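In the two complexes below, chain A is the common chain; its partner is chain B in one and chain C in the other.
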Partner chain A sequence: MQNIILQKTAKLILIIMTAASLWLLIRGHNNPGGGFIAGIVAATGLILYAIVFGSQKVEKLLKYNTRNWIGSGLAIILVSIIIPIALGEPPMTAMWTTISLPFSISLHTGTPHIFETGVYISVIGIILSIIITIMEVLKWNS
Partner chain B sequence: MSLFAHILIPLGFIILALLIKKASIKRRLAILFAAINFLWSLTLIPIVQFNDIIVVQTGGWEAPYGISLVADKFSVIMLVIAAFIFFISTVYGAQEVDKERRKSGHFFFSFGVLAGVNGSFIAGDIFNLYVWFEVMLMSSFILVSLGGERPQMEGSIKYLILNLISALFFVSGVGLLYGNLGTLNMAHISQIIANNKEIIPLLNPALILMFVSFAIKGALVPFFFWLPASYHTPPPTVSAMFAGLLTKVGIYSLIRFYTLYLYHDDLFWNKIILWLGTASMIVGAMAASSQIFFRKILSFHIISQIGYIVIALAFFTKASLAAAIFFLVHNMLSKTNAFLVGGIIRRQTGTLNIKALGDIYRQNPIWAILFFISAFSLAGLPPLSGFAAKYLVIKAGVEADMILISMIALFTGILTLFSMVKIWMEVFWKKVPEDIAVPLPVKKRKEHWMLTASIAMAVMIIIMGVNAQSLLNFCNSAAHTLLNPDIYINAVLNQ
Partner chain C sequence: MANLLTVLIASLFLATLAIPVIYRLRTNGTGTFLALFPLLIFILLGYLLITLNPFEAGIGDSSIAILEGMELSLRVDGLSLIFGLLISGIGFLILLYSSFYMANQERQKSFYLYLMIFMGAMLALVFSNNLITLFIFWEITSVASFFLIGYNHHREKSRQAAFQALIITAVGGLALLFAVILTGNITGTYRISEIISEGIHLGNHSRYPLILSLVIIAAVTKSAQFPFHFWLPGAMQAPTPISAYLHSATMVNAGIFLLLRLYPLLGGTIMWKYSLLITGSITMFLGAFSSMGQKDLKRILAFTTISALGTMMLLIGIDTVNSIKAALVFFIVHGLYKGGLFMITGIIDKSTGTRDIYQLNNLTKSMPFTALFTFLAVISMAGLPPMLGFIGKELIYEATIQMPQLSWIIVPLGVGANIIMVAISITVFYELFIYQKKKITTKLLIKEKAFPTSFLVGPAILAFMGLLLGIAPEILENAISNSIYFIRGQSIKITLSLWHGFNEVLLLSILTIAGGVILFLLRKPANRFIAHILNLFDIYHLPSIFNNLVNTYLKVTSRNTERIQHGYHRFYLMTFFLVTIAITSLHLFKITDIPFSLQYFSPVKPHVLLLIIIASIAVLFAVFTKTRLSAILAMGLTGYSIGLIYLFYGAVDLAITQFLAETIIMVIFVMVIYYLPTFAVLSTRTSRIRDAIISIITGLFITLVILKAELIKPDYRVSDFFTENSYTLGEGKNIVNTILVDFRALDTLGEMFVITMAAAGVFSLFKFQIKRLKERKKDS
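Our next item is the complex of A and B:
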């Protein structure tokens, strides 16, 4: 769609949505949020971008094929399952550790974060692969 | 850990299949992962012989709160045989399935089926079981429709709709059960029922919904229509794999539920299961004898064979449960191999209509022998596995004072023999009919891996028939665990 206001807004909204989705992803373990919701929010921003600019632009933006996004998300989930097994705990146990960063910030993180990140990436991949396929079938490339 | 690997191995292949593009690498990886899955399932046998039951509490949450994965001897037998069948059908499919289908994800979705099957065999939580059923249903639906031929579409729609109804019943049953008891851990529910027998009439609506769902999955008599409508449409690899794996999951769940809950209300449930089993036995065999397509005959036969397993479950003695497990193993092997041979014949002649085929025995005696082994094992001829299996079921029936049902089972054996002989005469012995237009033989294509896979399966059938005692001993101890649910409950709830 050749409409400069829409194009600028879509770009702006994409940035805002991505930032919001990262925020939801990080706070997700103890507060409302989490990998699935965050993935949907990020994908919504990308879908708006796709509607305005066409599906090829989104594929360019994503850099890798959506299959690879799904696959790498699942691979990250696999890592988060294997870490507890390697440390001798039952699979999928939540293992936590505190990392101290400079400027006296300490980061409390663990395998659930890895798991949620995997869910985040694969949800983005799945939703966009559906949308891109539909757009290509309908020849809906503005 | 040892149990969880049965979910991780298919997941690992699915990840690699998403990341790798080349179809030839994927084919090798599929065979490798199927082999790993089989070898890993073999390592469970010594553990389960030593410990009776393997329990994994995922996430370290104790039993009624977390999701537990449980495997007793029965589950381990099923895991091993399912892994074997999957391995064989992967090797077979690596050659049989055309490149088009392999590129659009044949192996990807068959590993989805494997994940679902493995997961349902080790689920210790009813909702988890439901989730694995769905995983299996979705991947198998895509496998049925993959390729998009017209009959495939027709079959897959029927398959999907009827199985979605089954899923609907199951999940509504799960909801009712959770509303009544507040827990979905299988062992915990069994313990609650055992401590408070009056609660069972309250639970019966939920249990009936779940029973119907298992009956649809397992293709028992009034609910079997999806099976013969869809199994003859996909490529032979897929129908062989489905014949070996899918309905057996429904029967596995039925046996698990019967030995954990339903036996408390014997008066109500025993009759239902007994008569449904008998009806499936007869209807399946009769319907099979009226078909003229190779794979349709075999599909109707699955229903008849499921009936044998279910009546053995309904006799409910130690011997009959062991016989049911033995029959399940026998049926998975023989039925899959019969479908595999059908696939080779279709590849070489281009049709599976038994009226148009003929004289295969002279053209290629190896196929004829392979088919002979599996078909007459299904019919129950010694020394093949089917003889021991049928003998055990009928003997258990006579010992349990169910003479009438045992005689019906014996009589159904003759019907089975009739339809197997029909395939044998029509496809392998008679002269090629001249008046029917036979499609020209498709050009010869390589088939050595398909043949190897089928031979391996036939060898397993013979070994199982000749050396029945060692498997039977294992089945007997599995039946012992099934008859004493306290072992299961105590192991899961860690008391």
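Our next item is the complex of A and C:
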């Protein structure tokens, strides 16, 4: 769609949505949000971008094939499952630790965060994979 | 030491990850590199064999458990050492052999992958100290062998053979699983070492006949016993290294191993003895009998393998110290000569291009070394001194003669089978290497000298091992004493020697050899006679009966599937709804002690009421509208209203998810709808009324169920658990999120898989269409 206002808006919305999704992902464990929701938010921004610029542009933006996104998301989930096994606990046990960073910031993190990141990435991959496939079949390449 | 063994066996599996890299670096050296792994295991096992105490078993527990009670723990005793040594040793030789045999062939990477997985699973199977892990590795060997047998998958015969082998061994695997679970429930442990040390025997338990039959089904299918023997000759479709490996020391012997392993638990009863005696003796004789008159060298070897497996089964059934000893020695004998002979078959096939023994002509001059190895292997097979085969056969005769009952039938059967074995040994060697056939001129494609050493070293080592162990059988005594101690619980020092003195056993041996020579001289009429008899039984041709059975089954199931999976979406939904209503109404009206009254509910707030009204109007609009687009928009409105209701009741996460999901669904719908034809009235008036009734009832029922569920007040609610523990255990203030990623993370994982599947489904549905579109674009 060759509409300059729409194109600018889509770009802006993409940036806002991505930032929002990362924010939702990070705060998710204590406030409303989480990997799944954040993934859908990011995907929504990308879908708008796809509708405006065509599916090929989104594929370029994502750098890798959507199926690779799904796979890497699932692989990250696998890492969060394996870490407890390596530490002698049953798989999928939540393990927490506090990492102290410079400037007296301490980061409380654990395997659920890794799990969540994996969910986030694969949700983006899954939704876009479906949308891009449908767009390609419908020749939705403005 | 046992822990080192765990690491080495695991390294077999991990080595598969290196295959693509090695393959890229040195395409035809992949096998040689991979051979290092089984060689290391063989060396370690050799060390363990030398240091083995006759009446002790080493247990190696690793901290890794698949699930509770299914730990990966190893048991090193005589039995597992004997099997493990043959598996790793022959595995090493096979990998060396494969690197030349498979050179420049397609799909080498997958060949090595399956072979390594098979080898690792086989070793893990024999060393497993846990019945469940034993079962898991048992199944892995079945699956890996399916891929190995069907390696040449462009040939229909290979595919069929692989399928047969898989189905039959999988039936056995299923039986084994049931047996293992039953055993675990009765004994309270899956650990083999505990079962043996506590002396648990199920002989008097009421479930004993069931467990024993299941175990015997598992062993009989895996070890190709009558009436399941037919998959083994079919499996000769595999590449020769695979046949050499699977059918000498590994796959088919797993059944024998299982019986010996479970002997302390199940063995020694009358049922055990007779069932094994019957299958074993039939298989032993049938295998030997069918091998006469075959032309293909590989098929001859396949039938003699069946016969040998039958012999081992029979010996386990005889159930004396001597018979178990004989079975173990014969297992080693058979592994050595059969592995060697299969490899020799491959060598001859490579150099001449045929495996038909009547097409091959006087190979002694052209391949002298092969002739020597064949000679050694063949005299071991015929059971002549000074090979280990001689000791093996003497032990078998001794065991059969000393049988308390039934020796009058078993001894003649055994002698008969062995006479045929002797005759076949002579025939094979004579036709291949001695007899000058004038009419046939098979040309040599590759000379023996052109073969690399790694190709010839396998049969050489196996043949000379047979000779070495024949001269110095003392090496095996410790391992066999240890095995017998743990199998039969008797601490006896076993001695093996080549010469037994003049006795009735030696007399039988001489009789056998004389009979074999006579049968060899009369082989032409004998072959004709056997062919005639086999023809008579051809109507009972088991592979085709099996195929018919499978085909009929497939026909029946596909007819039923068509009936259930008819492809009409609305009928699926209808079935689903009606069944749900039926089941819920059953339970809904059962719970009568809770009074249903509106006073239990808080009053409806006005803004919620407004939302409900909007949602209801939207639904009604969606039902009666004439265009698709407005129907979808109306549905979207309903979805958003529900999302708002979630929000009003404080479920922020749910509300966000609902909004986002609704948005994406609308986007997809709008995209697709654009390309659909405008609304067409396809349904009749009656069917619409029927649909309306069903949907109203469904909605009503769901509402009733939810209302009723709200009225049931259990003492402790699940939600209370989460409220209490989400911060303390889950370390998160957002309860929904701690449920999603911590308490119920497995569910989330499952959902991820489900939506991944959905994405994969969409992609694969349209893949070809997209490809076609792109090609058309390129053309224009």
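A few notes on this one:
Just so we're on the same page, the second predicted complex is superposed on the first by the 142 of 142 C-alpha atoms of A that agree within 3 Å, B and C clash if a C-alpha of one lies under 4 Å from a C-alpha of the other, contacts with A are read in each partner's own complex, and residues count from 1 in each chain.
Rule of thumb we're sticking to: contacts are C-beta pairs under 8 Å (C-beta built on N, C-alpha and C of every residue); 3 or more make two chains touch, one makes a residue touch a chain.
Here the structure is a predicted model, which is why all the values come from computation and not from measurement.
Look at A:L74: by the touch rule set out above, it reaches both chain B and chain C. Touch criterion met: A:I126 reaches chain C, while chain B stays clear of it. In the superposed model, A:N30 makes contact with chain C only, not with chain B. Within the superposed three-chain model, A:L61 lies out of touch with both chain B and chain C [touch as defined at top].
Once chain A of one complex is fitted onto chain A of the other, the partner contacts of A:L107 are absent, as it touches neither chain B nor chain C. In the superposed model, C is the one of chain B and chain C that contacts more residues of chain A.
In the superposition on chain A, A:E89 contacts chain B only, with no contact to chain C.
In the superposition on chain A, A:L12 makes contact with neither chain B nor chain C.
Contacts of chain A with chain B, set against its contacts with chain C after fitting on chain A, overlap at residues 67, 70, 74, 81, 85, 92, 94. Touching chain C in their complex are the following residues of chain A: 28-37, 40-41, 43-44, 47, 51, 66-67, 70, 73-74, 77, 81, 85, 88, 92, 94, 96, 108, 110, 112, 115-116, 119, 122-123, 125-127, 129-131, 133-140. If you check the complex, the residues on chain C that touch chain A are 63-64, 652-653, 656-657, 660-661, 663-664, 667-668, 671-672, 674-675, 730-734, 736-738, 740-742, 745-746, 748-749, 752, 755-756, 758-759, 762-763, 766, 769-770, 773.
The touching residues of chain B, counted against chain A in their complex, run 1, 4, 8, 11-12, 14-19, 56-60. Contact residues on chain A toward chain B in their complex (touch as defined above): 67-68, 70-72, 74-75, 78, 81-82, 85, 89-94.
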